[in-house]
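Several structures are given next for inspection.
In the two assemblies presented below, chain A is common to both, partnered first by chain B and then by chain C.
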Partner chain A sequence: MSGAEVKEQHKISPFLVFYLVHTMQIGVGVMGFQRIVAKEAGNDAWISVLLAGISLHIVIFLMYKILLKENGDIIAVHKRLFGKWIGGLLSWVLIIYFIAMSLTVLRTYIEVVQVWMFPDLNKWIFGFVFLLLVYYCLSGGFKVVTGISFFGVVLPFYLLLTMAFPLYHGHFKDLLPILNHSASELYAGAKAGALPYLGFSTLLIYFPFIKDPAKSHRWAQGGHLLTIFIYVIVMIATITFFSANQLEKTVWATLTTWKIAEMPFVERFEYIGIATWALVVLPNICITVWAGGRGIRRLINVKQRTITIPLLILILIVNSLLTRRENIDMLNSSISNIGFYMIFVYIPLLFIFQLVLYKVRKQS
Partner chain B sequence: MKLRILLCVCMLILSGCVENSIVDDIQMVTVIGYEKTDDGKLKGIAVAPQFQANGNVENSVFVETAQISKEIRSQFNTESPKPLVSGKLQLAIYSKKIAEEDGIMELTDTLQRDPSIGSRTFLAVSNSDPEAMLRTNFGNVDTGHYIHSILEHNSKYGMLPETNLHNFFYYYFSEGNDPFLPLIDLEEDKVKITGLVLLKKDKMVSELPADDLFTFKILYENFSSNDSYTTDLGGGDHASIYNIASKRDIDLKKIKKNKITINGKVLGVIKEYTGEELNTKVKEKIEKDMEEEVEKKGREMIEKFQEEGIDPLGLGNAVRSVTRGKFDYDEWKQRYTDIDIKFNMEVVITESGVIE
Partner chain C sequence: MCGDCMFQWLKKRHNPDKLKNLPQLIANLKTSGDFLHFKSEKTGTAFYIYYFKTLVNEKELSEKVIEPMGKHKVASLADVKENVPIPGIIITDDLSVVCEKVMVGYLIIRFSEVSDECALIPSPTDISRKVAQPEVEFTVVGSKEAFVESLDKNVHLIRKRLPVHELKAYELTIGKLTHTKVVVLYLEGITNQENVNTVKERLNSIHVDQVVDNSIIMQYITDDKNSPFPQLVDTERPDRAASGLCEGKVVILSEGSPQALLGPTTFVEFFSAFEDYFVNWIVASTARLIRIFAVLFSILVTPLYVATLTYHYELIPSDLLSTLVSSRQQIPLPPILEAIFLELSIELLREAGARLPTKVGQTIGIVGGIVIGTASVEAGLTSNVLLIIVALAALASFTTPVYRMGNTIRLIRFPFLLFAHLWGLLGVVLCFSFLLIHLLRLKSLGRPFLEPIYPLRVKDLKDALIRLPLNFQTKRPIQLQTEDTVRFEKDKNDFHE
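For the complex of A and B:
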């Protein structure tokens, strides 16, 4: 174990957690999550998305409770609670999850570019250039990563306005009757609806980099609240814009709604939207690769800089080996499932375990 | 520093790593047409405008026949000097024969699947031969854009309901609606909208004449239009109202007793009146005559829809939106034909022009 303490000059202001949490949640998921939620909850899918969002507020609260008690990152928590070996194993699982997540984000983005813009885009070259950019950001340390995530939120924010087009063409009758689905359907929808929210778990790693972490709690919740707002709007726009069976056939619903956009200066909006999306994807990959590297650095005694390059090469190679839609889909859904159980099962269990252990140790 | 140099080099080298399409080196198809030949094959017609340096527009027409639609697309390229691209497609025209016999879904599916084709692409059914229509020279304009404009302004300001690619698929996949498409006709060297084609799933079952478009639009949606509507007052007198704003309301309170009431309210301004004096009494008469006329047409129309078992007004979706629990469309389709649908009109004339 090394480098648990973070030098003061590397720390970030508490309010920046707002951007770190929010940018990790808005990733490639928002391009097509609607279909999966609507399959379960139909026209009440937006309620499912809302419920999933609210339940995640509690998870963030639990995360803060765990980390504040430890006053360190999840790796320190693991070590204290489970010892060096089991704790270390759990940390490795988490690290692999983060690296797989960055892989998923990159591959899905390249898939979207290939399908929607350039079918003959070379994965190797695009991946290489993009990861070069990621390396450039990462070599500046966590502060630069935070800066990138700030821009990753602010610059593409105008894309929310484009939801006006599907809402303008929408059939609001499709939202009625509200709450027409059973609790179990809503739950299944909420389970599917929680997936695009995931990703903020990188908080578990960068927590010690926050100045005055207790103060950052409300910013983290605020960032999450903004995400809920965006997802509910996107979901409502999608439900009104598509008929139920039509949505089931639409893989990237958000991108398809852009096909209706009409602007005097541009014939087709997707090209602008997808290009802007690179700015959303960049901080996602930066943060996850950073979190993976940081985790490895904490577990074995290496410099983070030396571990970053092999990580990026690994991502590039695996990224280029995935060619079929089914593989990408499988990668996406397995990462989402792992993330789901990590957030809704593992974090609460960890919280209870920590609580009990502290009580027991206090008594003895 | 090394990294920066590497980045610059990458930017220079990689700028050419995807296929580029320079406007001068491609042909942008703006309209495609499909018709069925006598021996059951499919004939595809594509028109791509060529903009000349002197400001003239030349329309290159490509015609190919094949067994399936996918073949046609690759055949087009064999007779074109430049690669054809579909990103600017504005309109797809189907012959009436295809719409009646085969349905248009198979041909429309490619349009929806292709990410380069926009959702605002119009679809239309042609009464006349699509090849003849697309070969016609409409003056110094791009044929696709020309026909597209006719449909576009009529659905924006006129009496044609909006019927683009997205709408078609929305209705096609929605079980509580049936799609409809504009019917166009070639009249000498002009294209004219001659009505509406009503589809069941993707097959044409009947059509509405252009005169009924106003009534249909009142039944179908809220709108405001610059078009006028003329009503016969009897005794050789006519009145025409324009600047129409219409509100439609579907009353579903008695749906349990199989009763639906559609209330239409039209606000308008008198534009033309051929009679003597235009006083309050006459105005009231105009309002009443118009109400009766539209109501009669509307009721006939609804009856026809019920007989054919089609639902272009989206009543199924409206009923679903007020029904709790799982909505059974099969049951609804049986119920639909004998539901008692009432149609009430209210016409209010707000102004009568700038003279008394």
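For the complex of A and C:
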């Protein structure tokens, strides 16, 4: 265990957690989550998305409770609760999850680019340049990572305005009748709808980098609230714009809605949208790779710089070797599943375990 | 501190072996043609005068030194100090002091040809330009004074504007051969002491033989030396330097340089002209927004042309597309070569214009701009749409008020062009991300360079992309971490009853 303390000059101000949480939630998921949710909950999908979002507010609350009690990151929590070996093992699982997540985001983005823009994009060269960018960002330290998350939220924010086009053309009566799906259908929808929200769990690692972490809680919740708002808007726009049958066949519904955006000087808006999306994807990869590297650095005695380069090379190789659509799908769904259980099962369990352990220790 | 090491160096250079005493030093100096020496017996007691005629004001020498000495019958060095009406006379036998002073316009006077003791009388000539109009940062309204090559005049120009004792000047000498005097100015009790210390430390750690200009100092003390972006503002306007001091910035001046360096600064400050403070806030804010737009336009428009015409012509609505296609119909080159050809010719024109004398430069501009442009379109080498775009982009890049930043803006267009050719719009966004991360990593004297955008400081936005009315500017920028944050109290009684 090394480097638990963070120097004051490397810390970020609490309100930036807003962007860190929000940017991790808006990743590649928002490009095509609508089909999966609508498959379960139909025209009530937006309610499922809303419910999933609200339940995640509680998870963020639990995370803050755990971390504030420890006043350190998840690796310190693991060590205190489970000892060096089991705790270390759990930390490694988390680190592998983060690295796999960055791989998934990069691969899915490249997939989108290949399908929509450049069918013969060279994965090696593009991946190399992209990861070079990530390395350049990471070598500037966590403050630069936070900076790029800030711009990753602010600059592409104009894309939300493009939802005006499907909303303008949409049929709002498609939303009716409201709540015509059963509770179990809504739950299944919510489970699927929770997936794009995941990713903010990197908070578990960068927590010690926040100045006055207790103050940052409301910002984290605020960032999440903005995500809910965006997802619900996108979901409503999609439901009103597509018919149910059409949506079933649309893999990347958000990208498809961009196609109808019409401006006097621009047609085929999806090219601009996908290109801009690189700015959304970049902080995602930066934060996850950073979290992975930081985790490893805390567990074994290496410099974060030394560990980041092999990590990036590993991501580049695996990214380029994954070619088939099914593999990418499998990667996406397994990462989502792991994330789902981690957030909804592991975090609450950890919270209870910590609570009990602290009570017991106090009594003895 | 550096003065000391300079003396040590001098001792090492002049004292060992060769020059052990004053007579030897003088013998050495006599080998220079402009070193004069004569013996005077006017006073009754003979005395010897030595000086460089190129450094000394000879009129002052005869009026204020030789005449009074004759009148008062000066017979010893102590008498010299008493009777010569020039302040700052030194009596010493330290060879290194003699050696240093004689090189900056002091006379050596002594009464015996063998003794080491002598009097040093300051009588330097002052050959320097008069204070003139600013040429680079000219403004229609406002002061018409600009810095000159004399450090004392420059400090005077600032002191005149800030007649308060809090204005402190820290002096040091840099350069083994040039002995350039450098002054760090700051307002005590306002400027953050940490910033002042950073500047002092960095200046003191410069060990080079020559400092020709403040720009050299800027390159030595800048935070990231491998960045094309300037991280300190340089200005030739004393009023801008003075207002920087009032804000809590540190100002660096050096001998022989008509430019002041200001820091810490921010990225957006490079797009604010000093004239913005002289005009109404609405006009000023519009001008700033136009400049920001011009920068983005200048960097992005040619790459976007290349990106869309190479990969995404579907992006362009069909009406517009037909215009573009018809203009490109006869062009044998791919968009990237077409764009690079035109961009390079514009750069050639600019460089030729910058190197040539003003009048010839104008001719070159007309010949280049009109003749070459029209000819290359007629020859079918470039499309006229691109010609318009490139010319506009070049024009836009000249709106940047700080010359250095304008150069950088024109330079970073080229990587954007290459990326646009590689991956179209996606390449442009990737290159933009590189730029963004680079700017995020930059610091100016240890303070974040992209402030107030990131880290977002809403209070500092009052004077960044736009400039709010002057009565909003009651606080000093958070960026500068000043010791006294309040500039003035806001008039609470806003409505005049």
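Heads up, the rule we're going with is that the second predicted complex is superposed on the first by the 364 of 364 C-alpha atoms of A that agree within 3 Å, B and C clash if a C-alpha of one lies under 4 Å from a C-alpha of the other, contacts with A are read in each partner's own complex, and residues count from 1 in each chain.
As a working rule, a contact is a pair of C-beta atoms (placed from the backbone, for glycine too) under 8 Å apart; a residue touches a chain by one contact, two chains touch by 3 or more.
Values in this document were obtained by computation on a predicted structure and should not be read as measured data.
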Looking at the overlay, what does A:Tyr136 touch: chain B (first), chain C (second), both, or neither? both
Does chain B (first) or chain C (second) touch A:Glu267, or do both, or does neither? both
Quick check on the superposed pair: does A:Thr276 touch chain B, chain C, both, or neither? Answer first, second, both or neither. second
Have a look at where A:Phe118 lands relative to chain B and chain C in the superposition and call it first, second, both or neither. both
Partner chain in contact with A:Leu160 - chain B first, chain C second, else both or neither: neither
Going by the contact rule set out at the top, does A:Lys173 touch chain B (first), chain C (second), both, or neither? first
Would you check which partner chain A:Ile338 touches, where first means chain B only, second means chain C only, and both and neither mean what they say? neither
Where does A:Ser243 make contact in the superposed view: on chain B (first), on chain C (second), on both, or on neither? first
Examine A:Val251 and indicate which partner it touches, taking first as chain B and second as chain C; both and neither are also allowed. neither
Which residues would you name on chain A as touching chain B in one complex and chain C in the other? 118, 121, 126, 129, 136, 267-268
Using the touch definition from the top, list the residues of chain A that touch chain C in their complex. 13, 16, 113, 117-118, 121, 126, 129-130, 133, 136-137, 140, 143-144, 147-148, 150-151, 264-268, 271-272, 274-276, 278-279, 282
Chain A - residues contacting chain B, complex: 115-116, 118, 120-122, 125-126, 129, 132, 136, 169, 171, 173-174, 176-177, 180, 241-246, 249, 255-256, 259-260, 262, 267-268, 270
List the residues on chain B that touch chain A in their complex, please. 3, 6-7, 10, 14, 17-19, 87-88, 115-116, 118-120, 166, 169-175, 177, 317-318, 321-325
For chain C, which residues count as touching chain A in their complex? 311-312, 314-318, 320, 423-426, 428-430, 432-434, 436-438, 440-441, 450, 454-456
